[in-house]
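Here you go, one structure.
Each chain carries a letter (A, B, C and D) given by its place in the written order, and its residues are counted from 1.
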Amino acid sequence: MDDVVIRTLEKVELHDPILVEGLPGVGNVGKLAADYLRDQLPTRPLAVIYSKFFPPQVYVGEDGVIRLVSNDLSYWKAPAGGKHDLLVLGGDYQGISPEGQYEITERVLDYCQKLGVREVFTLAGFAQGRVVETPRVLGAATNAPRVEMLTKAGVVFSRNDPGGGLIGASGLFLGLGRLFGMEGACLMGETSGYFVDPRSAEAVLKVLQRVLEIKVDLAALEAKAKEIDRIAQKIHEAEQRTSEPSPTPGSAPREDLGYIG
Amino acid sequence: MDDVVIRTLEKVELHDPILVEGLPGVGNVGKLAADYLRDQLPTRPLAVIYSKFFPPQVYVGEDGVIRLVSNDLSYWKAPAGGKHDLLVLGGDYQGISPEGQYEITERVLDYCQKLGVREVFTLAGFAQGRVVETPRVLGAATNAPRVEMLTKAGVVFSRNDPGGGLIGASGLFLGLGRLFGMEGACLMGETSGYFVDPRSAEAVLKVLQRVLEIKVDLAALEAKAKEIDRIAQKIHEAEQRTSEPSPTPGSAPREDLGYIG
Amino acid sequence: MDDVVIRTLEKVELHDPILVEGLPGVGNVGKLAADYLRDQLPTRPLAVIYSKFFPPQVYVGEDGVIRLVSNDLSYWKAPAGGKHDLLVLGGDYQGISPEGQYEITERVLDYCQKLGVREVFTLAGFAQGRVVETPRVLGAATNAPRVEMLTKAGVVFSRNDPGGGLIGASGLFLGLGRLFGMEGACLMGETSGYFVDPRSAEAVLKVLQRVLEIKVDLAALEAKAKEIDRIAQKIHEAEQRTSEPSPTPGSAPREDLGYIG
Amino acid sequence: MDDVVIRTLEKVELHDPILVEGLPGVGNVGKLAADYLRDQLPTRPLAVIYSKFFPPQVYVGEDGVIRLVSNDLSYWKAPAGGKHDLLVLGGDYQGISPEGQYEITERVLDYCQKLGVREVFTLAGFAQGRVVETPRVLGAATNAPRVEMLTKAGVVFSRNDPGGGLIGASGLFLGLGRLFGMEGACLMGETSGYFVDPRSAEAVLKVLQRVLEIKVDLAALEAKAKEIDRIAQKIHEAEQRTSEPSPTPGSAPREDLGYIG
């Protein structure tokens, strides 16, 4: 079989489209953001991407119906007068081998180039290894003007982060994208790396809104973030209790337990 | 060499054939069921499948004659008036890399499509991690009508199982099969995951008989299942004894040992 | 580059040639036997085989000159009236991945078929996991007549060994060889599996001489075998001493140490 | 995508060019030497090499701009009357799989052959597993005359080192180079294997200068070497102190700590 199979579901003409990529990764930030964007805009499905570089796996829905693992391209047509239509790339997996990552990225970029894409934004998480109360959005871009533009939009360009560079789809879509004549940037939401992190995805989408001049209702994502905050807080409290000396019987801890339960 | 080599042993015309797949996996349930079906129907060999994605290995028979590891397609012609001929796929291994799984499955599906296959049943085990007295048959299908049809045939569609989806040939033959315009379902016999499980294979074949409207004599499989039951029971008893306090000399345990020995 | 590159060093016409394969493996028995055969017959180099499925490595000779790792085909022209010329395949490595094993074997078989090869003998070691004083030669063949013929030549066909079949080049040259219309057999010298074992290689070559009706002077191999016997004996004695209670001062062990030193 | 993509940045005619390779490896000696040579000569960029056999990674510069990992060819035109122009190959990674190493090396050699390269020098480190005060340069070459020539230039050809041969690009560029009709040698600077080792790179470049009859100012490399020496010395002293008995309060160690801090 072809290494990568792209099935087009609908034939469309797009107006100077921008590709937004968000696949599973650190804190699932990129995937959360891209999926949310796809659902809220709302977009329509454009193409399904299968590959032998994904795991040999099908998912089973709650209705008992199976679905082969894939990546998926959706499109959004900007309202009249909008500068750019959008393509959103999401999916179940990144390629599971280095070669697979290159092959899939190259094929998707080739496909997107034919649709007129000249600009790419990749969304990702940046693991800080500690709880991040108010996640900043770190950036990396394909050229200096974009660094400047994103800095104005609130993105942080750090001299040291990410020190080892970007590994995986978020980096490769930019790095290989340049061989297709595309420019772009990666937006990395800070995250602990321990949780799925909708708060970080929200921070990324806030920047993306500003940069793409689109409007996305973030209420549902904020709700999800609060739910995760609540769970994290409970775990944190439980951990603190277990590392504290045993409380005197009858004192405060009983109340705490009630709060947690 | 070609990644996958399919050697046709006999040229046949088949009447609306259905593919039944059963390769090694959890509890060897799928392979046990497919091999038993192939031997009991009885079928005739149709094609041998070699691949560089199998291990570089030959088996040596008791007569000292070698055989390269392979998968194998057999066919069964339904008696006059039957709705469907059958193709049974069995073999020594699934592909040993993810890419190999995709390549082999795709090539076999392509071959089967040319033989007229439009429906696929994949047979597998579902590991419960505990002893299963009376294995249920769980299901997953390519569309809602098949879920309904199989539910009537006694298959259980669980909202939560299998949670991670199906990994390997049993999922891939359905997932990739859809790209070939085929529909179908996976029948998963519950099993502990610790034993080769003919009891679970039997449960799967009972459902398959109903669905395919064929008749298979299950006596030999039932005998094999009882043999395994007996071995499992002995092991279970032996384990219980070792975790019990040492018995008083001369009491019941001596008898037990006699029974086990 | 081509997955496998075969460089022909000399153009030859061979008379009904038989391929003898011996590559590194258990106890290095196959390689020892094939290298010895190549040197003693004597043969002439015919072709060098390079592959990206070998390690990315060069060897450096004592003269400081490098050599890329390879497999090598040598040929031997039988004296007038001889039934078969011979091809001997040896080398530094087997393919280091399963796919690599298939690719290299298939390409070498294809090359050998064009030279007229219809029969293959593969040489290997069979690990017994214990010291083997007088190694037997176990066999596996592509058909029953060869099993019979080899049994008469002293080869042992065991109902149980090798239980898991043959893994690697020795099996694959036979298994894939059949797809090229070749017949043949594997000769496995028993060996402990702990040492490089010229004694086992000698046993294999004694059988091969009989079967191929050739004469090879085994004196140098026997000398090497005795040298290894001597080393193994010393190690054995040293091990026994360390597991014995400390000897009385002034008694025999002092003498032993002198012997070993 | 192509397994290896070579982007030519400038079209040049070179005069009997020699290829000098230095990629990351033991002590990073080869890369340090090649990078230094490239910067000091000075050279101009000729081609960038991308490959799916490199990690799927981009680096982010201090300015926030990304760069896909690559290897890079630079060229140097000898002054009038010079015998050879030079090509210098450096980069971020060697291929990350054995097959990748072969593929990349073969493609770069093919590219260099078209530029007229007939001679290759590969630069590497040779790990001694102990501190090396004055690193020697060990050698391996494609033929005896080169061994002789290099011996006169101060290169050490040891009967035993490197015992296992050369693994990776430094060996492969010579081994595969011969299939392209190229001759050459590997220059291996002795190094501990524990540090990045500019001292060893300096030793390698001193030999290379002599052999290529070029002049490179080694002052900056020597400065770097002294800096590493200083760090290594401090670590060494710190280690010695921790393994010494605790000093009497008020004695010399207080001074030592001051020196180290």
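Rule of thumb we're sticking to: a residue touches a chain if its C-beta (ideal position, glycine included) is under 8 Å from a C-beta of that chain, and two chains touch if they have at least 3 such contacts.
This is a predicted model, so every value here is computed, not measured.
Both chain A and chain B are touched by no common chain. Shared residue numbers account for under half of those found at the interface formed by chain C and chain D, and the copies are therefore classed as meeting with different residues.
The greatest centre-to-centre distance from chain B, using averaged C-alpha positions, is reached by D. If you average the CA atoms of chain A and of chain C, the two centres end up 55 Å from each other. Taking each chain's centre as the average of its CA atoms, chain A and chain D sit 39 Å apart.
Residue positions of chain A in touch with at least two other chains are not found. Checking each pair of chains for touch leaves A-B, A-D, B-C, C-D. Contact residues on chain D toward chain A in their complex (touch as defined above): 1, 5, 7, 50-60, 62-69, 96. Within the complex formed with chain A, the residues of chain B that make contact are 95, 98-99, 101-103, 105-107, 139-144, 147, 157, 159, 162, 164-169, 171-172, 174-176, 178-179, 186.
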